[in-house]
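Order as written gives the chain letters A, B, C and D; numbering starts at 1 within each chain.
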Amino acid sequence: MATVLFYLLGLVTVIATLLAITRRNPVHAVIYLVNSFFALALLFYLLGAPLVAAWEVIIYAGAIMVLFLFIIMMLELAPTPEADRMGPTWWQWLPVLLLALALVGCTLMLIGVDAGVAQGVPRWYATPRDFGFALFGKYALAVEVVSFQLLFAAVGAFYVGKPERKRRQKKEEGA
Amino acid sequence: MIVPLEHVLYLSAILFLLGLGCVLARRNLIMILIGVEIMLNAVGLTLVGASAFWQQIDGQIMVVFLMAMTSAEVSISLAMVVYLNRRKGTVDVRAFDELRG
Amino acid sequence: MTPDVATPFPLLSLLLWLPLGGTLLCLLLRHSSNLCRWISLLTTLTVLVVALGMAVSSIGGSGWLFYEDAAWIEPFGIRYTLGMDGISLLLVLLTALLQVAAILISWRQKQRPALFYALVLVMETGIIGVFLSLDLILFYLFWELMLIPMFFLIGVWGHENRVYAAVKFFFFTLAGSLFLLLAIIWLYLLHGGQTGDYSFALDALRQTVLTPGQEMILYIGFMLAFIVKVPLFPFHTWLPDAHTEAPPAGSVDLAGLLLKTGVYGMIRFAFPLFPAAAQKSLPFLAILALVGIFYAAWIAYVQTDMKRVIAYSSVAHLGFVILGLAAWNQLAWEGSLLLMINHGITTGGLFVMIAMIQDRSGTRELGKLGGLWTVFPNLSAFFLLFCLSSLGLPGLANFAGEILVLLGAFKADPLWGGMAVAGVVFSAAYMLRVVQSALWGESKKLARNDDLAVREWLILVPLAALVVLLGVYPAPVLEFLREPVSLLLETGGMP
Amino acid sequence: MNPLLLFLIPILPLFGGVINVCFGSRLPHRLVSGLSVAAVSGSFLLATLLWPLGSGEGTRVVLFSWLKSAGFQADVGILFDPLAAVMTLMVTGVATLIHLYAAGYMAEDESPARFFALLNLFVFAMLCIVLADNLLFLFLGWEGVGFCSYGLIGFWYRNSKNASAGRKAFIVTRIGDLFFAIALLWLFSAFGTVMIEQINARVAELDPLLLTGLTLLLLGGACGKSAQLPLMSWLPDAMAGPTPVSALIHAATMVTAGVYLLCRMFPLVSLSPTGMAAIALVGALTALYAASCALAQREIKRVLAYSTMSQIGYMFLAVGVGTVSGAMFHLLTHAFFKALLFMGAGCVIHLAGGENDIYRMGGLKEKSPQVFWLFLVGILCLAGTPLTGGFFSKDAILLTAFAAGDGFYATLWGIGVLTAGLTSFYSFRLLYLVFFGTARQAGQGHAPSPLMLWTLPPLALLGLCTGLLNLPHLFGGHEWLTLWLGQPMAEMLPVGTEIGLLFLMLIFFVGGWVIAHVRYRTFPGDEQAGWRSFLLSGWQADRVYELILLRPYRAICRFCWQGGDKALIDGVMEGLARLCLHWGDYVRRLSNGQVAFYLQGFAWGLLLIVGWFLLASVK
């Protein structure tokens, strides 16, 4: 039953992502992407990572995609004109298409190379309790570092996002 | 035994390459960022699959850190998109090519 | 090869590091240029006095007149070994003398004088170091040290397109010396591999057994650096540019000394280390030298700038020196070394004179000069003397060296010797053209018309006296050269 | 007499010169000239006093060793043998008279110190040539003489034409020195020594080919210095110098150095028949060439210059046919009367107010009969009137040339006799144009100073009487000079032929005189005919040399400079530099600012890595 579910969810994720990529309108793309993230969260859960699944929904689908929507709304991005929806002309696409196909082929072959991969993924369930012990036990330092990272990101975004007028005034006062 | 690890890897590979395709093909800055997101999620999937396969918790913790990093990255890059859009009035990548030899 | 003369007081190191001391003093007191001027003059004079003292004390000596050896970088076997035999003694004396002239000629240096004098003194250390060092790395260090001050002297204090000349000079010599470095290291490794003791000492490295192929490649590596420095025919184009653009002190050093380091490098390092390859390359060297003699003499004839004429004449004279070396007999070698020293004095004198003429007439162009004899009789008399010595008038310095080289070369191969003699006619042609357009004819309006000042007399009289003395009675110099040359020729070895 | 005194002969003029060089400009005019005259006359006195030292084998004395290296030994030494003694006496004697004359002539010149210094140094260098005991010391004198003549010819350097005449002299003689230097090198590599005595002693060991080569080289060297055919173009231009210079250098001393060299190395030269023939040929041809040019000259000093060249041709002919004593005899007589003529010419120029052109002179006979009579003596000796010195010496040469006999030497003898006729013609032409007819000169000349005039009579006397020195047997003479030089006596021609030859000489002499008398007794007006300008410019020698030598030389030099240095070597270097710049530009264009382009770069990189792992794993 789980195997069937896995393939189903896999299919949904792939189709959602494919649609997300090819949309002309960024909003549609974001929405499709949210769908694919939900399917992905379920996959995580299936693979015995309930906490990660939850976070996937909260952080990715919830926060990041919403942020994307804010930006798209704020910048009133008109859907890209018909002409260069998928890049300027068809034949300019060729190298990228070729490249992607070659990559797909190589990667799939590469994965198949190692025999050990063929074994199945056991049913395993990581309880939040273990997760917590591990997170704040072995990786305590890493958590602190990540918090720094988030802080820097916030400061950076704040600075970059500051409107032009305020920054110019600050420069004149400073000079 | 849900599914052989191979298939998990195939799935994440496909997702990753779709993300890569999006990054390479699209001219719109937002769509490129979305492509990046897709690639990162594909990596997350691989990590979770491997963590389940080896029954080690570390994989999942890596995903958490991955998510933290992704959110930090998205916030800055979207701030930059806003800034770039204000400067050039467009989000088309080809408009921003001053940084050249 | 323990030194037979244990020098209680490290004279060689004193000789070597005194100029550097002078440099530091100059840099410290750089705001008062007058003080710097006197310090640098004092340093060069003391170096000259010390060198003269060493010369006098080692009149009868044989083998290493002075020798110093101390550990430097133990792990790699690099030692601080300095040695002075007859040849390097004379070259150090020449260096000391010309440096005093260089400082005196740039007495009224306006543009950043302290730095100028400091660089000239650093160059002196570099050159003396090249003439004294017996450890290959130490030699290479001083070989490169010489380059840097000269680059700045040309690049900063030069004339019109000085940057082009400085960069060209730098690249030519650097390219050559890179091959030298590679060859030194490869030789070092080969030697270490064979004998286990890794050392850069010259006589140790002479024991390495080399296959003919290796020996030839190493020999070419060494010779490339030296051939570029002695400008032999194809690699000489940097010299005229460097000369025309260099300030007076720079061109005195460049012509008088830097060219000699190339020749010295050959006889001290290239030939002894690879005797078989050296023998094979002699005909090739002779051909290059001969071509150089004619080629440079012809070009000198159509030059319009006085300094370029003298630069090409240096290429021709050095062609003679190399021809002497290629003849590989005692007579020719003594002649070429004597010619090297005499050429240093004559060309040094010529460049000093050109600087004086340029101060007075404001130009070096032969077309714009004329009738200097009426305005400056003394200056013109000295200039005529140096020009005559340069064109090889018997009884003056260059002739003594040239005739010995010709005799030796003719004995080795009549064809070479015979053709080289023709160079004498061409040298007369271009030197007389310089004298004609500078001294004779109607005198043009000049910036200054005061004849020689006391300072200028101080430079010119000793140089002129030496030019005549070395022409009439070169025996003492030949005495110093005899024993080291015979040793270098037979064993290619160390005294 | 201590042989070391011999060194005083050259040292005195050297000191005179050096003192004048260093302190001359500060000393008063009289002291400068007095000092230099004293120096030269001192060495003349010494030469006479030390004359006995020169007899027999001569004495050899060494002062110090100049250049001593492995196997090579050249020292400052004197070989005072009969040949050198005669030459020294002549050089110092004539030089003393010329210095006296110059003291008068250069009285009002503004830089006498430089003049007298160079004059003294010249005498020193000439004495080095004469007295040297080894070829290298001789070479020192050889080039020293070259430099001094350069300085003296270009003495009035303000006019750059004089200076370039000096330069031309120096370079042309330098070409001659080149051949002499090669001969010197060859001798050293053959014998291992440069000592003249040793070379002459062991000269028989050499094989004939080498001998001929050496002789030709020595001939080349002698031609350079004595202005013989191939290298003669500098002598006429050398007249740009003051007259005493022309008298000293281009009459008595420097030009005879070539002949002296050949006489000095005669043992070597005489062994190669082709060499001797070449010397004789060069001598005869130059004699003819110079005599023909002298016919059409306009300036008084150029006439005398060409006549010197022609007389020296005779001396070369004498050496060529094998009589050293004949050559030296003619050299002596020629030195005296040619010096007389040049100094006379100086007086003539003063008389004619600085005018040089003989067509614009005339009638000086009345102006100063004393100069006329002295000049007449000189002309008579030059023309070879019987019983004068010139006649005997020239006749001796022609006799030996005739005695040499076979076809080749007979033609040379013919040329010699023809040139004798031409000589008498141009000498009398000169005499008539300058001294007879109406006075045509523009300026008002002034009488030459007594000092100049009183130095002429001794030379006139010497010119006339030196004939007695080497009287041929016909006239009951017993050839003291040949005896003194230790040369074989001239072999006896049958008396009939000798008288016949003398008679033939007389005919040519009188013929020349008559033609000159007819043509120039009354002023024929300014002749400018075509063939005259050809002869005037010395058969266009200068233009020919300019075309075949100087122009290609300048072209080669410029080609070497522009082509060789600039284009080839610098071109290659700068070409490399430009190449790097060019390729650098391509790479620069790769980073074109397109983000997509960069991302594609990443993707291709990824593909490579994946491919690499795939390949690695497939193996």
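As a convention for this text, contacts are C-beta pairs under 8 Å (C-beta built on N, C-alpha and C of every residue); 3 or more make two chains touch, one makes a residue touch a chain.
Bear in mind the structure is a predicted one, so any value in this text is a computation, not a measurement.
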{"item": "Comparison of A-B and A-D (more C-beta pairs in contact)", "value": "A-B"}
{"item": "Chain centroid nearest the full-protein CA centroid", "value": "C"}
{"item": "Computed distance of Cα centres, subunit C from subunit A, in Å", "value": "73"}
{"item": "Rounded Å distance between subunit A and subunit D, as computed from the means of their C-alpha atoms", "value": "103"}
{"item": "Euclidean distance of C-alpha centroids - subunit A vs subunit B, Å", "value": "5"}
{"item": "Centre distance in Å when subunit B and subunit C are each reduced to the mean of their C-alpha atoms", "value": "68"}
{"item": "Two or more partner chains touched - positions in subunit C", "value": "none"}
{"item": "Residues of subunit B engaged with two or more neighbouring chains", "value": "20, 24, 27"}
{"item": "Residue list for subunit D, restricted to those that touch at least two other chains", "value": "600, 603, 606"}
{"item": "Contact pairs between chains, per stated definition", "value": "A-B, A-D, B-D, C-D"}
{"item": "List of subunit B residues in touch with subunit D within their complex", "value": "20, 23-24, 27, 32, 93-94, 96-101"}
{"item": "Subunit A-touching residues of subunit B, taken from the complex the two chains share", "value": "1-11, 13-22, 24-28, 30-31, 33-35, 37-38, 41, 44-45, 48-49, 51-53, 55, 57-58, 60-61, 63-65, 67-76, 78-83, 85-86, 91"}
{"item": "Interface residues, subunit D side, partner subunit B - complex", "value": "588-596, 599-600, 603, 606"}
{"item": "Contacting residues of subunit D [partner subunit A, same complex]", "value": "600, 603-604, 606-607, 610-611, 613-614, 617"}
{"item": "Complex contact set, residues of subunit C against subunit D", "value": "168, 234, 236-237, 240, 295, 298-299, 301-303, 329-331, 334-335, 370-371, 373-374, 377, 381, 388, 393-395, 400, 403-404, 406-407, 410-411, 414, 417-418, 421-422, 424-425, 428-429, 432-433, 435-436, 439-442, 472-475, 478, 482, 486"}
